[in-house]
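Sending over a structure as C-alpha cells; questions will come in a sec.
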Amino acid sequence: MNKELTTQFMTINMGPQHPSTHGVIRFIIDTDGEIIHRCDPDIGYLHRSIEKIAEKVTWQGFVPYTDRVDYLCAMNANWAYSMAVEKMIGVEAPRRAEFIRVIVAELNRISSHLIAIGTTAMDMGAFTPFIQLLREREYINDLLEMASGARLTYNYICIGGVMADLPLGWSEKCEEFIHHFDLAMEQMNRLVTYNQIFINRMANLAVVSPQMAQAYNLVGPNLRASGIKRDVRRDAPYSVYPELDFEIPVGKGLEGEVGDCYDRFFVRVEEIRESLRILRQCLKMIPEGEVMAKVKKTIKPPAGHYYVRHETPRGDTGYFIQSDGTTSPYRLKIRSGSFTGMSIIGELAKGTFIADLVAIIGSLDVVAPELDR
Amino acid sequence: MNLPELFFYLFAGVTVGFAVVVAFSTNLLHSAFTLFFLLFFMAGFYALLGGDFLAMVQLMVYAGGINVLLIFGTMLTADVAQPERSNLSFQGVLTFFSGVAFTAVLLAVFEHTTWPLLEQPAEVGPTTIDIGKLLLKEYVLPFEVISFLLVAAMVGAIMVVKGGKEQ
Amino acid sequence: MNTQDAFQLIQAKVSAPIQLLEGPTPSILVRPQGLVEVLTFAKEDPQLDCQVLTCQTGSHQEDEIRLFYHLLSHEQNHLFVFECPVPLSDPKAPSVTSLWPAANWLERETYDLLGVHFEGHPDLRRIMLPEDWEGFPLRKDYVTPTSYHDSGFDLTVDNRPSAITQSFNLSKGDEKEDE
Amino acid sequence: METLFLDLGLPHTLSSFLAMTVWAVLLIHFLAIYAGVTSWVERRVAAKMQSRVGPNRVGPQGILQWLADGVKLILKESIDPEGADRFMFYLAPFLMVCGVFATFVVLPWGSFIIPADLNVGILYLISITALVVIGILMAGWASNSKWALLGGMRSAAQIVTYEIPVAMGLLPAIMAAGSLQMGHLMAAQGWAPWEWFAFQNPFAALSFFLFFIGSIAESNRIPFDLPEAESELVAGYFTEYSGFKFAAFSLAEFGNTWVVGAVTAAVFLGGGNLPAFLGESAILSLVVFTAKTLFAVFLLMWIRWTLPRFRIDQMMDFSWKYMLPLAFVAFFGQAIYMMLTYESAMAQQIISHGMFLVFLLVLFKFTGRVMLNVREQLSPVNSPASDLVAPAQPTVETEAQAVTE
C-alpha cells in the first residue's frame, strides 16, 4: 500500500483544427484527467509575412494589407496605419474625414466586440447568441458596405482621409440601426450576460491581477478588465476623440474577482454601449466638407523610426515604422493585442479544466490572423 | 418446448459464451465490456424466473452501475490493451486446480441439495408489492442494519478520498 | 516627461554609457552590455515607472541589428524608446524576460525573424516559423527560398501534380498514344 | 395484438412471438422516421430561434432533408481510425441504438396501447439506459482518440450521476400511483391539468422538474451536453465516427428525445387520458399523448438552443449538491403530503387547483416577457443599400488633385 501510484499526464493536441481555437492555433496541453497541467500555445499557422511584404510595397500599397492583419476590425487597422503615415509625412486629414473615421471605426469596434462576445458564448455552448449577434453584425456590415463598398476588408480609410464620402441618407440609416441595436443588445444581455450558467462558467476564472496584466503587456479590454483605466483614445488622444464624451469601462469584479473572464467579457459589453454613445455624438457633430487631404502620389517620409499607438477593439495596437526616406517602409512591425494576449494563456490555463481553456481563449479575444500577422 | 424454455437455453448458451470470453480474453477491457453482456443476460434469467424486480435491479445496479465503474477503472489503468502478462498465464496451474476444486464443491452441493420445486405457477404476478412488504415489515431490522452499513461505507469512502487529496 | 529628461535622469543614476538619439522620435541608445541595467532602472525608478514593455522588435541595418524597446508607463502616461545595436556577426543581446514576462514571446519573435540570440531567455525557440526553418526572413540579406528543405516543392509556384491533374494528364497521354 | 394472432388459430408460442416481431418492426421504423424528422424539425426550430432559415431546399420546406442526410451518411465512406479497436468501434453505435430502442418496449401510446405493459415498466426504463452508457464508453475507448476518450469518460460519469435524481424524481409519482406499471401510472391521473402529477402538489412539481432536468442530462443535451461539447471536445465520443455509424449515433440521440418526452407525458402530464365525454377512443388518446410528448420534445429543443453549457465540476455539483437533496425533499414531501391528505379529497383538490393557478400565473408572466422580446425584435433596422437616395461622391477627383500637386 505504501507504493506510490504512478500516473501519467495525457498530452493532447488542441488544434490546429479545433472548433474553438478562433482560427488556426494549436495548444499542446498536458492534462491530468480534465485538469490542465501545462499549456503551450503553438502559433504561426497563419503567418503570412505581412511585415516582410510591407518592405516590398509602397506606402499607400500597404493599406489593403492592413485589412488582412485583423479582418474583424479592418477599419481600425486601416486607420492605425494611415494615421502613422500621416504623422510621418505631416498631413492632417480634413475634419469631416476624421469624423467619418471615428464613425466607421466605432461601428467596426462594435462588430468586432459582437464577434468576441458571440464566440465566447458559443464556446460556452450557447449557439443562439452567436447567430443573433452575427445578425446584428450583418447590419453593421451593410452600413459599412454602403460607405466603402466592401463588407469585410474595406480599404476605406487611406492616407490623408477616407476613400469616399458617406452616401446621402447614410446617417439616418445609421441612427435607425443604433436605435434598433440598443434594444437588441439588451436582449442579448438577458440571453447571455445575466445568465447564471454563463456567469458560473466565467466568474472567478483565470483572474489577471493588474500587475500581471502589465507584466504580460495586456492591452485594450483585457487590460481594462483588470482594473487599469487605460485607453489610447484618452491617453494619447488622436483624431476628434478629445471632443467626444465617453466613459472608459473597467472591470469591477461584478461576479467575482476583478480581472476574471467575466470582467473581460463585461468590459466588452460596456464598450459597445460607449461606442454607441460616440456614434450618436458623431452623427450630430459631423461637419460638411472635404474628405481627403492633398497627398502626394509618391510618399517619401523622412528617415527615422516612428511608433504610433491606436486603440483597436483588441486594444493598443502599435505600428512601429522605420523609414529610410524611400517609397516603401524600411521596417514595419505591428504590435498586436492578440500576440501578447496569447502569451499569457499558458500561464492562466494552469490548473483549469479543458472547458475553461476555451473560456479563457474566448475572453481574451484572440484573433489568429492578428496574432500571426 | 415453449417460449420461456427456448429463451432459457438461449440465455444459458450466450451467458456461458460470454463467461468464457471474460475469463480467457487477453485484453482486459474486452473482458470488462463482455462482463456487461454477461450481467445483462443474467437479468434475463431472473426475468424468466418471474423475478421482475430482481431482474431490473440486476440491470440497474450491476450492469448499469458496478460494471460501468469497473470499465471506468480499467480504462484508467495503464496499458490495458496490451498487458505484459495476460490473465491466462497468471499462475495457471494453481488457478486450474482451485477452479476444478471449486467446481467440484459446487457440483456436490448441487447434487445433494433437495431443491424445493414450485408447482408450475399459473401466472407470474408482480413481486414488487411483496418485496416491499417483506422489507418494511418482516425483515425491517436486517434492512435497516444493511442501510446503516452502507452509510458507514459511504462515509468511509469519503474519508479515504479526502485523506488522499490532503497528501 | 519627455525623452530628454529621461535621458538625463538615467545618465545621472546609471553607470552604463547611454546616448540620446535625435530624430522624428527621440530615443536612447544603449549597448547590449548595459541594456538590462538601464531597462531595470527604467522599470523601477518611480519617475520613469515603465511597468510595461509594450513593444520589442528589431531592424536589420547595414552591419548590425538594432533592437527597439518601447517602454510604456501606465501611471505616468509616457512612452520611451530604447535602441540597442547588436553586431550582425555575433547577434547576442541579454534577455529582459526576468523584467517583463511579456518579453518572452516578443523576444522569441525577434529571434525567429531576425536571428538575435537573447541570452538568458528561458525558452528561445522559433515561434512563427517551423522549428527547422533556415535563415531569418526579416533580415535584408535574406534570400527567399524556392523550396523547403530540398523537398522538391517549388514554394513560389505550386505545381505539384494533384490526383485530379494527374488523372487528366494520364488521359491526355493515353489519347496521344492512341494517335 | 397477441389475441389477434390467436384468433387466426396459430399456436400460443408462435402468436406471441409474431406479436413481438410486429411490434418490434413497427417501433423500429417509427424510431428511425421520428429521429429523422426530428432532426429536421430541430434544425428548423433552431433556425427560427436564431433568425435563420434552416434547411428548406429538399422537398417542400425542406421536409425531406433528413432523407437526403440519411442517404448521404449511408453512402459516405466509413473511416476506421488507425489503432482503433475495430470490433468495439463497430459495435458501439448499434449498442446505443439498442439502448434507446429497448426503452420503446414499455413506452405507452396513449392510454390504451402499450407494447408491453411490464409491471416494473418504469424501473426497466431507468435500468435499460445502461446499454447507452456502455455504448458511449465503448465508442470513447475504441476510437483511439483522446477527445473521444474524454467524451466517453464524461458521459459515463454524467449518466451514472444523473440516473439517481431521475429515478428519485420518478418516485413521488410512483408513490402516488402505487405501481411501477406505466399503465397504472397514467390511469392514476386525470385528463385535466390539475389532475396531472406535475401539478398535484408542490413536491410532485419539484420532482417533475428534477426528472426533466435529469432527463436532459441523461440524453446529453445542452446544458448538459458535456460528452459531445463541440467547443471543447470536438465532438466528444463520436469524434472519429463517420458514415452510417455516425447516423446511428444521431438516431439514438434524436430517438432519445421521444423517450424523454413520452415518459414526461405519461408520468407527469396525464398521458393520453381523455375527458369522460369523449369516450374511450384509442386514436384520440394517441393524438393527445403524442401532442404532449412533442411538446416536451419542443421544450428540450428550446432549452438546448437557449442555454450555455455547464462545466464538468459544476455539472457534478449540480447533481450531487442540489438535485439529489432536492429529490429527497420531494420524496419525503410527497410522503408527508400523502399522509396528510390521505382522507381528504377536498384538500387534494384545493392544492392541485392552486398549483395549476400558480402555473398559469407563471405562464402569463413568461408570455409577457416573450412578447417584450418579440416587440424589440420588430424595431426597424436599416434597409439594404439599394434604398440610398443618391450614389456616393466620386473619388476620382482627389486622385486628380494629388497628381496635379
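Think of it as A, B, C and D in the order they're written, each chain with its own count starting at 1.
Going forward, a contact is a pair of C-beta atoms (placed from the backbone, for glycine too) under 8 Å apart; a residue touches a chain by one contact, two chains touch by 3 or more.
Nothing here was measured: the structure is a model prediction, and the numbers come from that model.
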Rounded Å distance between chain B and chain C, as computed from the means of their C-alpha atoms: 66
Approximate Å spacing (C-alpha centroids) for the pair chain B, chain D: 32
For chain A paired with chain D, centre-to-centre distance based on mean C-alpha positions, whole Å: 40
Gap in Å, rounded to a whole number, between the CA centres of chain B and chain A: 60
Chain contact topology (line, ring, star, complete or other): line
Full enumeration of touching chain pairs: A-C, A-D, B-D
Contact set on chain D toward chain A in their complex: 46, 49-52, 146-147, 150, 154, 222-223, 225-226, 229-234, 305-314, 373, 376-377, 379-385, 387-395, 398, 401-403, 405
Partner chain B, residues of chain D touching it in the complex: 12-13, 16-17, 85, 88, 118-120, 123-124, 126-131, 133-134, 137-138, 141, 149, 153, 156-157, 160, 163, 180-181
List of chain B residues in touch with chain D within their complex: 2-3, 6, 29-30, 33, 36, 40, 52-53, 55-57, 59-60, 63-65, 67-69, 71-72, 75, 81, 125-126, 128
Parts of chain A lying in touch with chain C, wherever the complex brings them together: 43-44, 47, 49, 51-52, 88, 214-217, 219, 228, 230, 235-236, 302-307, 309, 316, 318, 320, 322, 330-331, 333, 335, 339-340, 342-344, 347, 372
Chain C - residues contacting chain A, complex: 23-25, 27, 51-55, 57, 59-60, 68, 70, 74, 77, 79, 81, 100-102, 104-106, 109, 113, 126-130, 137-138
